[in-house]
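Some notes on the structure that comes next.
We just call them A, B, C and D in the order they show up, numbering each chain from 1.
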Amino acid sequence: MELDMFRDRCGLCGVYDHTEASRLVYLGLYALQHRGQESAGIVASDRKRLLRHLGMGLVADVFNRSILDRLKGKLAIGHVRYSTAGDTALRNAQPLLVNTAHGTLAVAHNGNLTNALTLRGELEKAGSIFQTSSDSEVLLHLIARSPASSLREKIVEALRQVHGAYSLLFLTKRELIAVRDPYGVRPLVIGKLGRAVVFASETCALDLLGARYVRDVQPGEIVLVNGGGLQSFMFQEVPKQAKCVFEYIYFARPDSAIFGGSVYAVRKALGRELAREAPAQADLVIAVPDSANVAAVGYAEESGIPYGLGLIRSHYIGRTFIEPRQAIRDFGAKIKYNAVRQELEGKRVVLVDDSIVRGTTSRKLIRMLRGAGVKEVHMRISSPPIVGPCYYGIDTPSKKELIASHKTVEEIQTYLGVESLRYLSLNGLLKATQMESQHFCTGCFTDNYPIPLTDIVNARLGFHG
Amino acid sequence: MELDMFRDRCGLCGVYDHTEASRLVYLGLYALQHRGQESAGIVASDRKRLLRHLGMGLVADVFNRSILDRLKGKLAIGHVRYSTAGDTALRNAQPLLVNTAHGTLAVAHNGNLTNALTLRGELEKAGSIFQTSSDSEVLLHLIARSPASSLREKIVEALRQVHGAYSLLFLTKRELIAVRDPYGVRPLVIGKLGRAVVFASETCALDLLGARYVRDVQPGEIVLVNGGGLQSFMFQEVPKQAKCVFEYIYFARPDSAIFGGSVYAVRKALGRELAREAPAQADLVIAVPDSANVAAVGYAEESGIPYGLGLIRSHYIGRTFIEPRQAIRDFGAKIKYNAVRQELEGKRVVLVDDSIVRGTTSRKLIRMLRGAGVKEVHMRISSPPIVGPCYYGIDTPSKKELIASHKTVEEIQTYLGVESLRYLSLNGLLKATQMESQHFCTGCFTDNYPIPLTDIVNARLGFHG
Amino acid sequence: MELDMFRDRCGLCGVYDHTEASRLVYLGLYALQHRGQESAGIVASDRKRLLRHLGMGLVADVFNRSILDRLKGKLAIGHVRYSTAGDTALRNAQPLLVNTAHGTLAVAHNGNLTNALTLRGELEKAGSIFQTSSDSEVLLHLIARSPASSLREKIVEALRQVHGAYSLLFLTKRELIAVRDPYGVRPLVIGKLGRAVVFASETCALDLLGARYVRDVQPGEIVLVNGGGLQSFMFQEVPKQAKCVFEYIYFARPDSAIFGGSVYAVRKALGRELAREAPAQADLVIAVPDSANVAAVGYAEESGIPYGLGLIRSHYIGRTFIEPRQAIRDFGAKIKYNAVRQELEGKRVVLVDDSIVRGTTSRKLIRMLRGAGVKEVHMRISSPPIVGPCYYGIDTPSKKELIASHKTVEEIQTYLGVESLRYLSLNGLLKATQMESQHFCTGCFTDNYPIPLTDIVNARLGFHG
Amino acid sequence: MELDMFRDRCGLCGVYDHTEASRLVYLGLYALQHRGQESAGIVASDRKRLLRHLGMGLVADVFNRSILDRLKGKLAIGHVRYSTAGDTALRNAQPLLVNTAHGTLAVAHNGNLTNALTLRGELEKAGSIFQTSSDSEVLLHLIARSPASSLREKIVEALRQVHGAYSLLFLTKRELIAVRDPYGVRPLVIGKLGRAVVFASETCALDLLGARYVRDVQPGEIVLVNGGGLQSFMFQEVPKQAKCVFEYIYFARPDSAIFGGSVYAVRKALGRELAREAPAQADLVIAVPDSANVAAVGYAEESGIPYGLGLIRSHYIGRTFIEPRQAIRDFGAKIKYNAVRQELEGKRVVLVDDSIVRGTTSRKLIRMLRGAGVKEVHMRISSPPIVGPCYYGIDTPSKKELIASHKTVEEIQTYLGVESLRYLSLNGLLKATQMESQHFCTGCFTDNYPIPLTDIVNARLGFHG
């Protein structure tokens, strides 16, 4: 069973009708680099053919001036991806690019299809061949096999067969198509830059391009942009959406707006709510930088306890790092963080983090704080305990590796060696979003997954090899 | 119309049942490097999965120790390819590797399918998607769509639908399958190294591995090697084969045996026959090195005129070479060859070459000889004039670029500026092969192509876009 | 006149008597990466010979496991450097490694010699040849030409001839020597890791290695470590030292202690002092991240105005970045920073930065804040106006490019387009260091340079070509 | 004692007064690639400064268009070098480039100084520092320390102190200087290309550039080219020159003329002389390709025995080659050569080679011939037995590794397993050169070295560390 390989987190950008389409997409991907650092790709159309460049590594390393110059044309889409190493990885880099009876077609996908393996088995039985291990390839086969006449209808027919989370950008020689799944799990926004239409996973990409935010692609909406302008169709509606609340908690950039709300504002509200729910007697509030910075500022403000920069993060970490053979204590945390004794010594500290996954790095960090003279550590997490993996496109370890899936909060507190550990409640979390909170997916906190996990169920039943 | 992209020349090697299968394939590809210098790839099976590594460049540069170490297992196939630059090229590098309902399947192909575009159009209409521009991908779709139950039968069913030239190696987790088209256009030999079975395009690969030549894969034969040993099936027979005579003239290595005959012996016989058909009053026989060396030695021996090394060839040429802006006269020939004045000055020279394609380099070479003081140049070609391109897997320019397609021998003689120009006759050529000469393809010399050119015909009829 | 090339900022690390000396130095350099990102080098001694590896780029990219394995031995020194591109740059990468009559000698240098050109002219006249454009090479020539008998005495004799700022690590086959100039301009600390002695520019390197801080190398001290243990000699004392106050303000990592004081503590005190000297009527304090974060927290605390994260910084910037041809407004700032509208809109903001150099980026940042709806910008700088370049080892533009060298604070305020601009006073700065403040160099704020600028003076007199 | 590192073989090219000087030098180096394949470098002058680019690898890989574009100016020199791997190697790549009181100076050196270590010891005692392990650096120090006033006189003074073999090209901002040692050990020729003056190790470089050969730089001559034209000075004359006869036998390209004679003509004469001195009863003459091809043709012609191409050489060998763990018999020879059974089977063969160094590869080759069915092998060497290493610039193993230094011809014959082995006599060798044969160095055949081996003698006396 290879379910693991179907999971990734990604960023998308597309531009229609701009003379420098591929350069703008390049910049957009750069702004979305936090959504995936291991491969990047762009497909551009000069209306005669689609040209593609893919590579392993950061956007700024994968592309250079001469490559971007070759990616000519006024429409382009791009993708950044988190994945694993080796040949397989480049094979799975996106956008995918294929020839079909309908012409050449490229696709970039953020999310995860939960019945991809099942569909793939059926397609293979019908004679399809698969050249990647990406779930997105399934979608292309379904489109190619659709008897519908227009590409839009083919796409809609294909989407009706898939389950899961997907924000998608398609490119043909003359058309750019954006789609968001009916549950709206992953974000996707529309912007305008002069005449040009821009799509991006988050608004921070629009900001860099100097584009104006127009609106979100709606859950269940398909947006076509071509010579006839922008057209919108709703292809499916569901009674209850399932936007990923973790995008707010950790994944999106704080300077972005997604799902119609400011990430910064939500994170600050999470910190404030956390301070109300789980106060602490302490001298200083510090964050695990940088992802918990905003929540920590919120906690400090609400609690009145001063905010400090007790942990300093290094930003030069390369892909591989060579550790001495004689192990250095807590090396895995040290290579990324250092504690500031002068700020911490003798103090009772509130340590704010956005989440605890395995708990191993947190434990090292806390030992580092003790080493810097901290008297008491009150750990505060700006989300509830993670008890299950994400099946909708965020890379998480398996259930048994999640510390909160098999330990109580008290046990975790003991494991981490802190004076107190408190998580934000689910109610507190949803309240902080200040939106129709019933429309969020909270599967990783509740084990209650709103979109069917077909492949998982089939795997349990022994349907996959 | 993209017919051009379907043409390439390649080399194949496969090993079954050897603990160092991928290293042996690597060495075999190294020995076959003359068949393709721009990409190389190996797929190996450890019986659990197929692992692949592909890269642009020479075998010795694409692979290193750690990559070969990762390509574990006792069975492997590999491919070297001549192709064009950029992302597209890596996309088309082989072996191809796909997942089908039958399991994972890799294929390496030497040759060219002449109805690939036509089949591809039909497959796309039936919902197939294509991720490369290689004709070999068509074959994989046909196999995947075959309703037959065993892989062998699926392959046979697929092969019955394709036209053209193909020597093929397939690899699954547990099986290696070798195929040669019914016309036997491209070579493919079987060798043994202890228990291990080795397949290669030419015997020079067996020599390097220390493997013993057993026999050729027969035209129309499919050879399976698996736990049950080696099994052979004839899947199709044709009344008249069409082995590529150009393999003997130019393409194969002189130390190889192909089609059951020694390349060296044939080339020497070509030279001897040429001396008989087209004698010359001269003081010295020289070759265009290195491809015409053997024929020149044959000419010298038969004619009694001394053999000399009047042209020296450089072997350090890189992929791109930067010429000064102020053009150097005959630079294109000079960068590769230099004339030895001391040997040439004042002499009447027989210049032996294996063929003339466009004639441009020959013309520069002859000017270079004049510059070194040669008194008379009698050019002798060890094959007939090339009047048509190869559609069966050798990279040749289009018909109109072939000088002999639109100029008489006298006109070419004038263009080249030689005292005399003579080609070997078709009869002389076939006689020199000393084999059932009616079974060779001589399409490039006669415009008479033995295997249907379906795509070409359809393109002329306007069937392709 | 090539004075510009003599200026760089650097980081040093050395280890004596540890079986993994080169790996520890590698980690130390990684922790000091902020002091120089463009080249890195390590020299190790296995007591038989010195082996070196240099490369352009980040520490994590320049070294890999097999390179570190080749750098055998129990003593090693390393260097990171800020410099310019091309062959010249690798030529100037350090540690330098030379053979002298005394044996092989390596040196790593942080700082800048102010009479290097003058000395070099004299040495060239005496027959010395120079292979780099580094001032450090001058030092090696002086050492090699010294008639003294021991290496320590040769070094001391050489140092007596040079002016300027230098922290130095020397390595021979059996000895590690650390030196700090009599003015103590650049930091250099001593640590212990078990038996091993560690030297580093800042304590953050000791923290990563798990080494214990022992003390600073003293201004005017030379420390030898060899088989006989650690020996200390004072080679020169000056009445008034000149530690670089800018190390505290901007250059060193906040988690380091240098010159015996915590960088974090000084920066926070700078922010507090700034709040007292230059209060503002505002709703929010934000920093230009990350260098001004600590000062901004100090300002917020002292002023009682809430601290927020109104500017988000991207950490993925590569070495070259490709801008679209149609310029994006304020691109230079946008590629690094983005404003958080949700936090900023409608607010009066105190924007804290550590310094203003040319003013161009600040201006773009401020426009970005306006674009995000900020009502008033009160810019506060945690150091005085920079009116002169640094001649002692920090890379700064020439005087005329420094905005404060030719504009008043009011003019800068107008140029930046802010409601108010206030700098910290020199008194406030020195007070915040809480140390013998008369011992700091404040040349860049006062144009009053404590160490003779021999080359500059000679250049003005026309002595250099 | 590190004498080994002072030995290398190299190629030189220089161009004066051509707008594309660096591109022409690049082409010249390409033509001289056989003289050194491991590093390449060019220094060009635009009259304002000297710019350099060096790299490891082949000329075509080290340089590209943009690098050559940066190497502006109308005068340039270049160097190709044979050397060892790693950082040290790049450090030793040439041209060397230094600053002296006289200005910036570059030098490219072919040959070897035999008192470099001794002089280096003295220079180090006088305070010089050495940054490479190249003997050429010694020369630069001597020049820099010379009290003479002009660069030419400084060079002459320096040369009077060195012993050994040297062809040299110097470059300053405005001047190109060529030198050849008084013994004339290494070749160096002068050509003209329009107005431009070209220097090169061999005439094959002139041929590629389309330059006309003018004359050799004379032994003991220094040639200056500057604004005032070309000036010549004899700086030293010796009664008996010592041109390297091995340049004729093996090292130079056969299409070159060196020392005023054609390499091709000499090699053919060697083969003829060998046939007269050492006839054989045989059916076929074959060469060890490619270096012995010309001698084999000469042998065949003189003996009347047919010439054949029994050994085929591969030209794709990369720098590292991965052998299977289960050793392949005679792999070291097989990876480079293959035998042609069809030509060899059942025959008595004369195998011509230019020399035998260690004998290990020859032995493998002969086993390969036996494997291809050769009945008798009569090995004929076109030079006398090599009994001593070269100290004048050709890379040879130490005396004890030379098979002929400790085995008789009969013993070698037995070791190789041939029916007969015969070497050309020294007289025969000198006769074949058809020049004033008393002026050749034959040290490697006679152990009689014409130029003092100062470093060797001092090393034996224990003067070096």
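In the analysis below, a residue touches a chain if its C-beta (ideal position, glycine included) is under 8 Å from a C-beta of that chain, and two chains touch if they have at least 3 such contacts.
Values in this document were obtained by computation on a predicted structure and should not be read as measured data.
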Outermost chain relative to subunit A, judged by CA means, is D
Result of counting contacting C-beta pairs for A-B and B-D, higher pair
B-D
Subunit B and subunit C, separation of their C-alpha mean positions in angstrom
61
Can you compute the centre-to-centre distance for subunit B and subunit D, using the mean CA position of each chain? Integer Å is fine.
37
Quick one: report the Å distance separating subunit A from subunit B, using the average Cα coordinate of each chain.
48
Two or more other chains touching the same residue: where does that happen in subunit B?
none
Which chain pairs touch, all of them:
A-B, A-C, B-D, C-D
Complex contacts: residues of subunit D adjacent to subunit C:
52-54, 86-87, 96-101, 120-121, 124-131, 133, 140-141, 144-146
Contact residues on subunit C for subunit A in the complex?
19-20, 23-24, 26-27, 30-31, 33-34, 37, 58-61, 63-65, 68, 204, 207-210, 253-255, 257, 262, 264-265, 268, 293-294, 297, 300-301, 306-309, 312, 314-326, 328-329, 334-335, 338-343
